[in-house]
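A, B, C, D, E and F are the chain letters, set down in written order, and residue numbers restart from 1 in every chain.
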């Protein structure tokens, strides 16, 4: 079975480590790419925004989910968007927003961008399939 | 009904904003203090560790739960402990740990301390009552 | 004597069932957060098979937030945060079902 | 044709019931994460009242992790991540119950 | 975005305040409306509790969802469905909700899913 | 800590891998043991799934709980109870678990709660 390539957007809602969603979504995304499909966007909403903190220190006996997403993102130029409204109230912030809110540091990891919910709605219009990984 | 003062430890497990637990626990803790009881410790575990990030930017129409805990903690000298193992894998880090893990910033908010699960076990031994606020 | 708290809707979670399995005579049962939906008189009241001597409480702030004030079962006593603290004090221990 | 995914245990969550309410003839049902407990043959199989033409799938990595390989209902087909992707492609849309 | 809009079905299953999903769903629906993407909303399971009147959230210090939900029709979100069985199971009268909704039976509910190729699940 | 130790009842209700609670519970129990605080463990509801044999977690890339749980008796955690009804409801044979546990009936289960004044809920 090797279907015609199509485009996916992936919506992820659960906190990394506290929920499987970030991990299951990663395997799905990687597999879809390897099967020749295109990923239009990966959108992290709700507690899944925590994937974007570069201050995470993963224990040696656990998988570094952020690194995996970053490597996949770099290799395939993925558009990995973190919902800005969900992110700010959960302490994920880039340097621009840090200035705006007068924070003394920022923590957004490389490879991820903060953007609005419009990116989720665009994903529904610009991809052939939407797959949601709930918490 | 004004019972003899006793000591409480409060265990909190849910992510702020995504779960009510941090908020319900706050009301309980404040009320217990106002009724004359003593709080031995507040211990944040699981996703509740997110309460300790000073990079959170709360929207204007939502309550700043961290600020509330900080004010209560300062006023009554509360021992507000964030589980270090749960914190590090969720991107909550103080300056000592940031050095150890070679991170370029730290984000632990004032009023909170990172410590181990031993503090939870000690709480069971050193308080008259344990109250858990699950996610 | 244990004070049991339940914070999830009985329609979508097994918390309340677990609690009813473990609750003993003269224990207390306090519904908080989404657990207060268990105090709604309209939904078949899963609270029925209670051991003897159990009082069911529901936390006022959560009941009000959810618009349940006019829908409560008669058996349920609405309490405020102060009474919540008193309940914890008057029981030997508390168990949280979530 | 919709692909429904369910990621919670049917014993402790209403997800699977919701799914079974919404699922239509010839839709697909894929159990993932804790949803794979719904594929366990021992637990009364809440999957029984399925509309016609529905195939039930369970994600291999999750089935294996939970030690369910030897406990699966015969009606359930275990699939790997590649087949998961194929299923999404071969259905018009997907709905996630969580 | 392309010119031809794909209409979205937003499926809601969570109660209003124990978590933040109900609010996040509402934000997503309003964003769709702002982008003029047609969006239908379906309330199922405990999400029907979002529609109860007399929600007073001062005590839990969160914004009252019941004051925001009624704006949906003003934002041209006009197709708002509710699973009748979810209402019946909870003894909720469809006439007394904070929002005018269309109760649907199982068959209609199933056809809603079949008639949308873009589903957002909350 | 005071000299006289209060014994803890750890009540577990969650399955092993969908969330991280099962692991966090185990960490807390092992910490209690390390501090030589007596701790009893009670598996209820979907937590009994933690005890199934043949868990192979390579595919989901998390540490296998079933390889850690059997260390409990070595850390002097000797009172390990399981709600027999939870096993029966799931068709699980108490003899084939990864850990030697004591199945308890409703009455014993209730008395476990009554006999502990320090309960940790996971």
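FYI, a contact is a pair of C-beta atoms (placed from the backbone, for glycine too) under 8 Å apart; a residue touches a chain by one contact, two chains touch by 3 or more.
The structure displayed is predicted, hence computed values, not measured ones.
Separation of chain B from chain C in touch steps, taking the shortest path, is 1. Of all chains, the one whose mean C-alpha position sits at the greatest distance from that of chain E is F. In this assembly, D is the chain whose CA centroid lies farthest from the centroid of chain B.
Rounded to whole angstrom, the centroid-to-centroid distance between chain A and chain C, based on C-alpha atoms, equals 38 Å.
The mean-CA centres of chain C and chain D are about 33 angstrom from one another, to the nearest whole unit.
The mean-CA centres of chain D and chain E are about 25 angstrom from one another, to the nearest whole unit. Separation between the centroids of chain C and chain E, computed from CA atoms only, is 28 Å.
Touching two or more other chains at once are residues 7, 11-12, 14, 33-34, 61-62, 93-98 of chain D.
Looking at chain B, residues 17-18, 20, 24, 46, 62, 85, 130, 132, 134 sit in touch with two or more other chains. The multi-chain contact residues of chain F, meaning those touching 2 or more other chains, are 17-18, 20, 45-46, 60, 62, 118-119, 121.
Touching chain pairs in this entry, ordered by label, are A-B, A-D, A-E, A-F, B-C, B-E, B-F, C-D, C-E, C-F, D-E, D-F.
Interface residues of chain E facing chain C in the complex, by the touch rule stated above, are 15-18, 45-46, 49, 52-60, 62, 64, 66, 89-92.
Residues 15-18, 46-47, 50, 53-59, 62, 85, 88-93, 97-98, 101, 103-107 of chain A touch chain B in their complex. Within the complex formed with chain E, the chain B residues making contact are 17-20, 23-24, 61-63.
Residue ranges on chain D touching chain E, taken from their complex, read 1-2, 14, 18, 21-24, 27, 92-98. Contacts from chain C toward chain B in the complex involve residues 7, 32-33, 59, 61-62, 81-82, 84-86, 88-90, 93-98.
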